[in-house]
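First the structure, which I've put down as structure tokens, then a few questions once you've had a look.
Letters A, B, C and D name the chains as they come in the text, with residue numbers starting at 1 for each one.
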Amino acid sequence: MKKKIGIVGATGYTGVELLRLLVNHPGVEITYVTSREHAGSRVDAMFPNLRGYIDLAFSAPSNEQLSECDLVFFATPNGVAMKSAQVLLDAGVKVIDLAADFRIKDIGVWEKWYGMQHASPQLVEEAVYGLPELNRAQVSGARLVANPGCYPTAVTLGLLPLVENGLIDLQGIIADTKSGASGAGRKAEVHTLLCEAGDSFKAYAVAGHRHQPEIAQTLSKLAGHPINPTFVPHLLPMIRGIHATLYAMLTAEADLQQLYESRYVSEPFVDVLPAGSHPETRSVRGANFCRMAVHRPGNGQRVVVLSVIDNLVKGAAGQAVQNMNLMLGFAEDTALRHPGLLP
Amino acid sequence: MKKKIGIVGATGYTGVELLRLLVNHPGVEITYVTSREHAGSRVDAMFPNLRGYIDLAFSAPSNEQLSECDLVFFATPNGVAMKSAQVLLDAGVKVIDLAADFRIKDIGVWEKWYGMQHASPQLVEEAVYGLPELNRAQVSGARLVANPGCYPTAVTLGLLPLVENGLIDLQGIIADTKSGASGAGRKAEVHTLLCEAGDSFKAYAVAGHRHQPEIAQTLSKLAGHPINPTFVPHLLPMIRGIHATLYAMLTAEADLQQLYESRYVSEPFVDVLPAGSHPETRSVRGANFCRMAVHRPGNGQRVVVLSVIDNLVKGAAGQAVQNMNLMLGFAEDTALRHPGLLP
Amino acid sequence: MKKKIGIVGATGYTGVELLRLLVNHPGVEITYVTSREHAGSRVDAMFPNLRGYIDLAFSAPSNEQLSECDLVFFATPNGVAMKSAQVLLDAGVKVIDLAADFRIKDIGVWEKWYGMQHASPQLVEEAVYGLPELNRAQVSGARLVANPGCYPTAVTLGLLPLVENGLIDLQGIIADTKSGASGAGRKAEVHTLLCEAGDSFKAYAVAGHRHQPEIAQTLSKLAGHPINPTFVPHLLPMIRGIHATLYAMLTAEADLQQLYESRYVSEPFVDVLPAGSHPETRSVRGANFCRMAVHRPGNGQRVVVLSVIDNLVKGAAGQAVQNMNLMLGFAEDTALRHPGLLP
Amino acid sequence: MKKKIGIVGATGYTGVELLRLLVNHPGVEITYVTSREHAGSRVDAMFPNLRGYIDLAFSAPSNEQLSECDLVFFATPNGVAMKSAQVLLDAGVKVIDLAADFRIKDIGVWEKWYGMQHASPQLVEEAVYGLPELNRAQVSGARLVANPGCYPTAVTLGLLPLVENGLIDLQGIIADTKSGASGAGRKAEVHTLLCEAGDSFKAYAVAGHRHQPEIAQTLSKLAGHPINPTFVPHLLPMIRGIHATLYAMLTAEADLQQLYESRYVSEPFVDVLPAGSHPETRSVRGANFCRMAVHRPGNGQRVVVLSVIDNLVKGAAGQAVQNMNLMLGFAEDTALRHPGLLP
């Protein structure tokens, strides 16, 4: 029997992406899709690409109805999942939050960056940070998964082999990251209009961005002491794709190409390109891959890692489905086997 | 002494475009720029391209202060200019409305399409439709100018020579038009987000669009009897530019290339391309030109006219400055002499 | 046992799109992929989105090796397939040509538009025009399929119900069509550079385009006498997608919405949108659908049909796979079941 | 009497941009525009934005005719100017090379990076590096100016105040730079097609790029000893604009905002934004400005400078006109006074 899946907040870009991926999943059935604002209107009226694939209308969110699902995704703004997670978990429902409510273990840090009081601090410790390449076993056994942020996914996967092996100066890490506009969500705002964000490029949040503490938490745990990388995000004049350009100074010798290839050889969704490559975001458009290349210009101590993902797939909905597959016992790549859309 | 210019509603795209064009106009001084929402904040904080060119903050609109200007532009939503125009005209201020309040002579038609009651019906008759290529003399003597819509400018200029000379079947005219997203304005709306309007293309308002009666009015007046062209607008995944593809059936023989060239030979801002050309919107990016080409495929009776403008320049702010130049006695092309930005 | 598939000329956009669709097809195996220029280099070095999906290098084309396939796709420039098709057919290989070699039944017309002598005139009669919605049975039994052009697919499907039912004036049909730049192929040319075709819009080939006679042939056959529609293509500043805006005059009364819905009710890949809709090209991005809407502005005699496809999928590789499925006895939608990529 | 200007190689993007800027320059007359390939065809047939502004055809390049100019721009590929410069200088003609022939003082370094033997090594020492903000007086008196590269302009201006004042660790400088596709020129190549470079993002030349030694040369000279910054360029899916994100570690305390503002207070084309700003490339689209902001995240030792230019204007043709103005005694901002095109 198919597993019953609910999606809370399915009118945003991570929501429609979850729907796009799940409609062809052989083991699940989307039974409940919520939107307070659009309750009653058909899902495929808002997202015509799904015509013929889903025969549901949005419902107003109800914990009672969500409790009948086997697993519920929260594709909601920050601060929503934390209010319902406990009820659902108590009802035996597994939960994946695509927002940030359960990503940061230090409640004080979370509250500072997200500007609100945490409604379920008791669940933060239990929540598994859903980066399968780091926490596969824990994800498989989890009731509650905090799906990683888009930037943190690209940055962390790009730096993992260096940090795990203690090869770099941990104080000088720089993550210069660039994201397509879909990372800002499907919200009526001036700064992400085509006429504002199109045909232009800028940095933003140089003073501080919420994904910095998330990256710092993962790397610090790996390193065993606090790391505080410099993190500068930029907005690309395109829809999908993140490119992280990562800089560090080597403190020990290593065959970096070999190191990266062996770290990820068994990973279904991490692809280390041949030496000298420059991954393009379009190579992962619509696909769940993280593609990366590692460089050492002039064979010096500076290492430059290039890491790309589709922010809506491996950076959000695809990774969430990957986590769901682990949590529900499906093959990890179920419904995630299509290549990127190029051109 | 420089003429004093006021701009009401300068936070939209036609507003900033007026500012861009006027800051280098040798005969005018921008003295008053209004925005209710942003009163008190500097103009160049919102539009950094103007840093060094304008040293003003937005003011809350006040008819008293506007009355000290020689000429006031309304770069506002529909329905705003009609509430203030009489007061300003009474104070001896000339007025150019870039919105639609004074474009349609038939008040009933206007009220039907714009969904509100007209606040100054007494001014509609006086208002001159500011298409200099059609009404140059009247514009020069006008107190109140209705600046044409963007689509109507491209369509009307493209059809003028055919209609003026009675060469086509007036019942079968089709205007298939395409516009960049800046035509929708600088408003926080979902459907013009980069992620919605980018990398895609669609028609809209096929059932009816406000620019259709405006085009019909001008063509009908020229022809001497009612014309009701089919008008279908589309949204282009880019910022600036309108392309009108115009279809008609010839009812008489003519050398169309020669006809178009002689109609526009003295026009500073209409450029008829050589036979066989296909005008690109980028050739007029940022410039006040309408470029066009006339085709007769297979030398049959079907005529196809291609007409391009920058919707924010010849389709809005540039044409408004052209009208201002006429109204204030400047050379018609003052501040409008720069070529398009290509590439 | 899986069917063996060869692809000739797989370095272009229709080639890589065939690969993207076929790598997940459960019934076929890609055994032979040719490129004279890139022989010896890995397919996934050129198209990194396929890393992990295909373990082949390009081969120089050889009829001998192609003859071991069950079916061969020609994703080549015009004039290539006609030189090899006979040899392959004689060897029992089925052939689908994605270029134009076998689309036009009148050899003289073909030679005029394509500027070369036809190398296999004897095959033109046999070749089935691969529009399943029109010729499903013939495709199923065919040895040689001429895959339709991209514009003709969007235009023909949009007009079929009107022409089949004799509802319109056949002399006044206009097809105003717009295509993304991938329709021009993956060729080193100035006019399709990002800096030339990006952020701009233009018509092209108004004097005459090769897809006009292809459309005319299909419609004329349906109508029973010659039809010569006006066809004007335009270049969109985006990669994928065709939008056809089709104009005709009704000569008889009909419920057009009902007519379109019943014509296509059983078609897996044609989707008639609800009355009043405006299909977006992005709703079919990467998917094999044709989505359309039919309008009758002001309830007059003018009918306006809006029809969108992804030019590389339903307009090329997807339709070719659909035809292959029919020819090889697979379910028609095998490997074509994914929704469009939105946003 | 107007100065006579020649442009060699005017069919590329820097060439047409020179034309766009110079046609409205009151003190110069474009008398000679060369293109070997397009000799005889009108300039405005290739660049329709210039219709009405220039009445010349391309000529085959001839040193004799160029010698009649007062000043000649080389908007050519690398290696062209060095073959003609001596002849022109001997004839009393001033020369500005927009390519790289005279940028690098160390002939050996130049020959290594540019892969050819230098044809005029005797001129390299004399050539002035045309960054007016650094070498204004020398440019004013120069016969031969090496116009800086696009990336080096954005990077050098962004780092100048820090390096001049000895405030940073010179060994750890990182320049993460992003450029629109027009930087690659108007050449028929696959990798800059709309379908290849559009809607995607990637780094390139991480192993080494020709602009790195140019940046290193300027910074090293300023610092008094060798600096070897890490330089990683990326390709943006848009036409115009460079964004440099510059990272360094402070080694001394300073009020960075005040430092930058006073360094550039008298510069007509460098604009330091208020503290906390994020410059957008569109704010300089078509304009000769470099806009920048300086950040110090968390008030730590890390300094992050954001610097934007239009690569075709301040990064090429605009800076060349600025240099020409200095060399010919015009006001430095002549023909360069227009604001950026926003939106």
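The criterion applied here is as follows: a contact is a pair of C-beta atoms (placed from the backbone, for glycine too) under 8 Å apart; a residue touches a chain by one contact, two chains touch by 3 or more.
It should be emphasised that the depicted structure is a prediction, and the values quoted were computed from it without experimental measurement.
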Selected from B-C, C-D or A-C, interface repeating A-D by over half of its contact pairs: B-C
Comparison of A-B and B-D (more C-beta pairs in contact): B-D
From chain C, the most remote chain by mean C-alpha position: D
Distance between chain centroids, defined by C-alpha means - chain B, chain C (Å): 39
Chain A-chain B separation of Cα centroids, rounded to whole Å: 45
Whole-Å gap separating chain B and chain D, where each centre is the average of the chain's CA atoms: 36
Chain B: positions in contact with at least two other chains: 13, 182, 186, 195-196, 198-199, 237-239, 279-280, 282, 285, 343
Chain C contact footprint on chain A (complex, rising order): 13, 16, 20, 23-24, 47-53, 182, 186, 199, 239-240, 271, 273, 277, 279-280, 282-287, 291, 312, 337-343
Contacting residues of chain D [partner chain A, same complex]: 172, 174, 176, 178, 195-196, 199-204, 206-208, 230, 232, 234, 236-239, 241, 243, 245, 247, 249, 276, 278-282, 285, 295, 297-298, 302, 304, 306, 308, 343
Residue numbers on chain D that touch chain C, as the complex places them: 13, 181-182, 186-190, 192-199, 237-239
